[in-house]
């Protein structure tokens, strides 16, 4: 599988879905020269969206981090996050009461918009849980893991409520050499202990792509064949895009390195339509 | 969770998605009096579709089995099967060559419509596989398990091709007391041995529901809140419907029995919006 | 499977292996009247040992908790814990350097006896790990889960060292109604994130029974057919004893309740040789 | 980790445990010059045993294949196979009736020695199963996978009997380029469908090593520190030997290739005490 110029790939599409981490930014900040890509897209009237499994903050704050870095074209409307899917679920399926959550106060943003009362697991009192009608895993910060995960186990033994996982990632990079455990791993552990079936949102699950597709299509009535997914991870971005039926481009600025991409594609049997060094348009 | 009359539930919706096995039919044939349900739906202008993980035959043949039983209203357009999703994937992602498949000649119907050449794994010669560009698990019949599954393992060691699973069920009933291993279990075994990531279609995956939704919405511009999923299995029909954001009704004529439904709901933490004895409208 | 008097069962054996929690004690303390069992065993010259997956303290402290409750016959020699197996592994396989551990200072007792320097994960500095030659999961207390588990992940990315799990339990009871996450669940999560193969000790693994058997056999040259394993949990005590080739008795004072034991035996296909209400000899 | 001469390693031990496939033989026959190793061992009075997960034939027939190749020193007493562990289990745990098995008539050798009547799954009639008291997975040959695995599923729905797996391997090589599905993969699939807990024998499980240890120790009263396990597979031979507390040597003539051994050791975190090109003594 040959490596191609990203410009020669992207020019054939009407809409581009970008993964965030490993494609647009990394632990050092924005990928150098990635601003040229957005200039190119705007100039050529190619629409774009960022699909992220990051549910630690609402779309407004996620957009703000790009704008603070000088990317004014990335506003709230351009962000599609797995937290938004959890919010939709709560809107349609949980009529009243409280939603307990694991995460920071910032991540609770998603829940409050539903009209339900958001209750941090850190503030939950196991003696008063009769009105807790859902539980959401949003972020790995904002609670005491030992004390509060033990609360979660016991909450689920008593209350028969739906449980959502808004970020299914297993770990995430915090610097060039260090990683951290993501809330997806914690949710898997709790699921195994309790024997429950959690409802999981985020790439590679199709619901993420469906949500993005519906979000975009209002304006642009383009078909799936004119949408490109750009990602750095075979088992989330690429397999998810493939399954949804859109074209996929693997970039080598994140999870998948240049010296290993062919081995990984072969080992997993996940084939992107294109491979590019980066998502930068030169 | 109280058991309700199905009529009182279904009357509030514009579209109904039915699971097939355990809801409309069982190993003895059609569920007694289920024809009254279709009479009621037609009389009250409620549209309906059958969502099935059965990829053993094309929609025309699946519909024929209902028509032969006197249900003339269930035609090809009413059938949404996981095999149709595999077909869509092939259409968008596999440009040419052959598609090897596990299943009967009838199940290969899905593949032939794509313009690709369908090749039964039973007819595959491992010395001539250069033009085999995809593999699909369709059905547990039509091949010699030992000989042909060993072929599959070795095909995947040599060819780096996408693999689809068009029926993720683990087993299926063949009589009141007997079950059989479904192709989903076989695919899981092969996936584990080869270390590959297969692309899986069928409930509870959201792609099945979005496909049905897009299929129906052309005519009826109804919202998700006016669609009801009716199923007998918590971990496919109900969790899938819940996650897609439509209402769900569990019926007790199949996988989930009357004496155990509350225990199962509690053990898995999957909550239907309604529970009904059956999908029959009296 | 009929429930039998424990006395009628135990009288036929020369050695008895007891599980601790759910058999001899529960969250309220020692099982009422269990002292009569030990009086009976001593009077009839039946030897006994306690096989426990509790690696939170050394055998001396574990024995002390029984002696403090008035059971002077339960001394250090009677205790076989999974922590002792981890200690043996370190003795034979890790020649020098430091052993990092997750657990309290008390649990580190096992490690210090090996002559290696025990280093709590709480005290580990990721900038100085060149002499860390092993890692052991001992207990869920004694460290900050978030901060120190993230250390563990990064330690294992850099150092290629053996990892032991001295307690494979998933959760444990803390009161009649509440449970807590055990270190076995935490180890499973870390193993999944890192992709490593950990070395796991504790029932049902045969190494626990082998160790107990070798420990006892010095004096008593009895055969396996004269040893009885008494436990409250089918998937640790009973399947482990069965596999090791000794007889097994399930008691209904812990994990497996009277009203469910037949269903559980049937669902898992794990058959004890006997079922008794409790391990009390009346 | 440096590669050492096998002679310089083996000379320090009193007993050697060899894995068979990938160490002594491969798909082309015996490893060239391996006879020199046995000449060396005999000359230096180092005892040896072959530990194999092959339960397809009894020890006599397994030994015969070596003797036919000119290795007269490898007789029945030198063979320790996982099938022998299943036989021990049946002897102690199953008192009477029939043992159903998956495998060839040759593999049933293990069962017949127990005094129980062995019944091939191919000959099993589901209408007459009241006296079937155990089920054993021995080999992937000797039965029709589709028809007979469906029998197995239904047998286990009706009869609450112990199930043993005498070979836990996932696949095995049949030629230099081709592999075949092993009975361990089939057993995993059946276990998942039925929800039962099977009793599994074979490396890396400790019971295999303790059985070998007890088998050998009658004559030689050597300690564990004088026993070496030689294998080609990190996740069976090496981790199993490590856990049992004996020294381990990885050879590069089978599953683990020279160009990948360091990567694999690092990825899995399983460390042999030695690495050698082969088990040949030059």
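Think of it as A, B, C and D in the order they're written, each chain with its own count starting at 1.
The rule is short, and it goes like this: contacts are C-beta pairs under 8 Å (C-beta built on N, C-alpha and C of every residue); 3 or more make two chains touch, one makes a residue touch a chain.
As the structure is a prediction and not an experimental result, all values here were calculated from the model.
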Neighbouring chains common to chain A and chain D, by label: B, C
Identity of the chain that, by mean CA position, is farthest from chain A: D
Whole-Å gap separating chain C and chain D, where each centre is the average of the chain's CA atoms: 28
Rounded Å distance, chain A centre to chain C centre (Cα mean): 40
Distance from the mean Cα position of chain C to that of chain B, given in whole angstrom: 45
Touching two or more other chains - residue numbers and ranges from chain D: none
All chain pairs that touch each other: A-B, A-C, B-D, C-D
Touch list for chain B against partner chain A, complex: 88-89, 92-93, 156, 160-163, 194-199, 205-207, 210, 224-225, 234-235, 239, 242-246, 265-271
Chain A residues within the chain C interface of the complex: 140-141, 144-146, 149-150, 153-154, 157, 170-171, 177-181, 185-186, 188-189, 192-193
